[in-house]
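Okay, structure first, notes after.
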Amino acid sequence: MLEFMQQIVNGLSLGAIYALIALGYTMVYGIIKLINFAHGDIMMVGAFVGFFSVTMLGVNIFVALLAAMAFCALLGVAIEKVAYKPLRQSTRIAALITAIGVSLFLEYVMVYFFTPNQRVFPAETFSLHNYHIAGLVISNKDMFVFGSAIILMIILQYIIKRTRTGKAMRAVSIDQEAAVLMGISVDKTISITFAIGSALAAAAGVLIGIYYNTINPLMGIIPGLKAFVAAVLGGIGIIPGAMVGGFVMGMLETMVSGYGSSLYRDAVAFGVLILILLIKPSGLFGKNTGEKV
Amino acid sequence: MSLMEIKNLHKSFGGLTAVLNFNFDIEKEELVGLIGPNGAGKTTVFNLITGVYKPDEGRIFFNGQDIAGLPPYTICKKGIARTFQNIRLFNDLTVLDNVKIALHKDVPYSLMGAICRTPRFFRGEKKIEDKALEYLKIFNLDNKKDEIASNLPYGEQRRLEIARALATSPSLLILDEPAAGMNPQETHDLMNLIASIRERFKLSILLIEHDMSLVMGVCERIYVLDYGQIIAEGLPEKIRNDKKVIEAYLGEEV
Amino acid sequence: MQTIIKNWNWRKFVFEVLVLTGIFMLIQYGISNGLLNSYHQINLSSMCINIMLAVSLSLINGFTGQLSLGHAGFMAVGAYTSVVMTNMLGQPFILGILMACLMAGLAGFIIGVPTLRLKGDYLAIATLGFGEIIRVVLQNIDYVGGPAGILGITQLTTWPWLFAATVLTVVVIVNLINSSYGRAIISVREDEIASELMGINTTYYKVLAFVIGAMFAGLAGAMYAHYFYIIKPGTFNFMKSFDILVMVVLGGLGSTTGAVIAAIFITLLTAALQKWAAIRMILYAFILIVIMIYRPQGLMGNKELTTKTFGRVWGDKK
């Protein structure tokens, strides 16, 4: 039982990271119905910005986190403006291919400039310390990862529920034409969505750097896919769904690694994906909507 | 025995009851109208008959066989064909291909025959083409056979949809607001066409029309639906003077 | 876009056979005389394999309208099955090829039946997931070498095999598309509900297209494995599926000739970019984005390139 509890604790921080990435997927999908395949790579860029902030500028981890978020918010907006906006009226598949193109572009630009090699996230940002609470081992690293993610999610909830921007985002995702009639600028709202989603991904990138200790230009692919699964699990386009989905995926992954074969760790994510799609494609929190004839 | 008999049909969407205790029958070669104000549940009845939606309750006997809940393609093969309120053609394909697709259910050659291009395949394709052209001719569309369906003017799209439905050789043809969006002259011609199709193919036709006066002229019997329930049924004259019907229609602007 | 087939067109058939024989003989001559060196031959093989992959995926994505992102998985099934048959069980190549098609088709059936109920993006992700699961499962089977894969496969894929397999793929799929069965398949893409109501069992045709597409991906896999000596699970990851999808979309959804042209173009582009290995992927990504922005419907849209098209172009110029 204690071991099981320990696995849950271990899964919490990974789950929080997945949740942060999943939020960006879900927000973007909710607003322009695009699976932004480049999202995992934005996370990777965030990790690198965080890394260089700490190693080259020597700032502390909080500042690095903010720097990564700011940089990626701009990057996300730029990507949307340059690559996705011209395709808003064309087929979904063309937009999907463009997203894949952007993803490859980010990955290989980073490979070109920074080599495909692993970089070790500087340990001195975090002198590891384990706390023992009620028989469970909890490290300060886990606490930091989990805590930052939770704080960011609370801020996001606040923005979405309480601010005009948040209301505009919800309005555009429900009915774009009606939103325009209400005087909401769709372009601006989409930009803000990309900015927020990308900033969250950047934060996740820095946190993943801390969590796994290493970063590399292709690090975004697998967590990106898993976070995407998390978003689908919770019901794509639904914000609380992405959070719950992220945590479920994180826990599940640590459970599978802890109890079963870590070789199948990645297959589990896809197994979950397929199960959910076959049983309830709209996700845990989604409503089934049939086509009206 | 009537061609189709519907007993006690129910359908609700979440909290909204769209069709309630619906009873209906149609004889062979009869032309029946189903009218009612917007949102009364007419299209839903069509969707239930053709298998697009599964009924919550009730039975639909077609040639004595219960077809309720069968998949749409099976229902089509049993002899029910339809058109749609919002035209649903195969938009990127030619007019001819639209009709050919409806002829696929009796395709005269096998898949292997098609891949190997057997003589049977060529004979079959010729037969399909001739038949498709025959249907197009009835609707005066044969000279537009190579046009892309979505490029046709609205009235011709409506006619093509009927031609396509007819090509599945149904014994019951159901038309969902076939005259919607047409001008009075086009509507008049269409109604004559519908009546003549029935004679020629010995069909039963069930027709939804929003506009009451139009249905009165062509239908032999009329059902009136309001809030998912039948409020009147009978000959056009009877319907015209029915108090409940007048009330239902007064509720909205005609 | 459908050609009207009333009768066997002898002139067209003879013309096509002559052109194909010509291409075959020319390249055969080039190979046996050393005019085409091994670099040319490798690119030629990649080209044929890419054509097979693109045309088979275009049946699923372009004509049936079902967005599949797991095509590399079927290629993997074909590659591994054929190698198990030839290298490990000592069976002749042709038997390996047949089993490859059969097993890939079976995988297509097993995956297609549950997933093809899904639509659009959901189907795309589910097929992506299944493709990845095939890869992970292969990674965990020691009999086929686990993550390292199988090395030292006998090179059995010769030019005649490659040519025959490519022509077979294209001919079967084109003949299928230009028939009543093909029209049924296309109607699913156009409007699934209307199609179903015209008496077409849409589930059946979706699965049919998926299985046939998977079989030819399996054939391509068998050709690949017996040309390049090595197979490993990593080769068949979702990036490979993306590559195939890119060819199909680039060619134009619903155009077989488009898929063929795009497969040739991408192969040549990849080969040309080889020189700039460091920025190859950057350029590839960049070109992809630019093409999608400026020509999202692909090179051909849903049109086909036919001898008639040439006739029209020449006719116009006169």
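Per-chain residue numbering starts at 1, and chain names A, B and C are given in the order in which the chains are listed.
Everything that follows uses one rule, which is that contacts are C-beta pairs under 8 Å (C-beta built on N, C-alpha and C of every residue); 3 or more make two chains touch, one makes a residue touch a chain.
Everything numeric here is computed off the predicted structure, so don't read it as measured data.
Common neighbours of chain A and chain B, listed by label, are C. When chain centres are set by their Cα atoms, the one at the greatest distance from chain A is B. Centroid to centroid, with C-alpha atoms defining each point, chain A and chain B lie 49 Å apart.
Taking each chain's centre as the average of its CA atoms, chain B and chain C sit 40 Å apart. The geometric centre of chain A is 33 Å away from that of chain C, both derived from CA atoms.
Residue positions 193 of chain C each touch two or more of the other chains.
Contact of a single residue of chain A with at least two other chains is seen at positions 293.
Contact with two or more other chains is made by residues 52, 84 of chain B. Only residues 50, 52, 71-73, 76-77, 81-82, 84, 88-94, 96-97, 100-105, 107, 109, 111, 114-117, 119, 121-122, 124-126, 128-129, 164-165, 168 of chain B touch chain C when the two sit together in their complex.
Here chain C touches chain B in the complex through residues 1-2, 4-8, 172, 175-176, 179-184, 186-187, 190-191, 193-202, 208, 254, 302, going by the rule given at the top. Within the complex formed with chain A, the chain B residues making contact are 43, 47, 52-53, 84. Listing the residues of chain A that touch chain C in their complex gives 33, 35, 83, 86-87, 90-98, 100-105, 107-109, 111-112, 225, 228-229, 232, 261, 263-264, 266-267, 270-271, 273-274, 277-278, 281, 291, 293.
Chain C makes touch with chain A in their complex at residues 61, 67, 114-115, 117-118, 120-122, 124-126, 128-130, 132-133, 136-137, 139-140, 193, 242, 245-246, 249, 253, 278-282, 284-286, 288-289, 292-293, 296-297.
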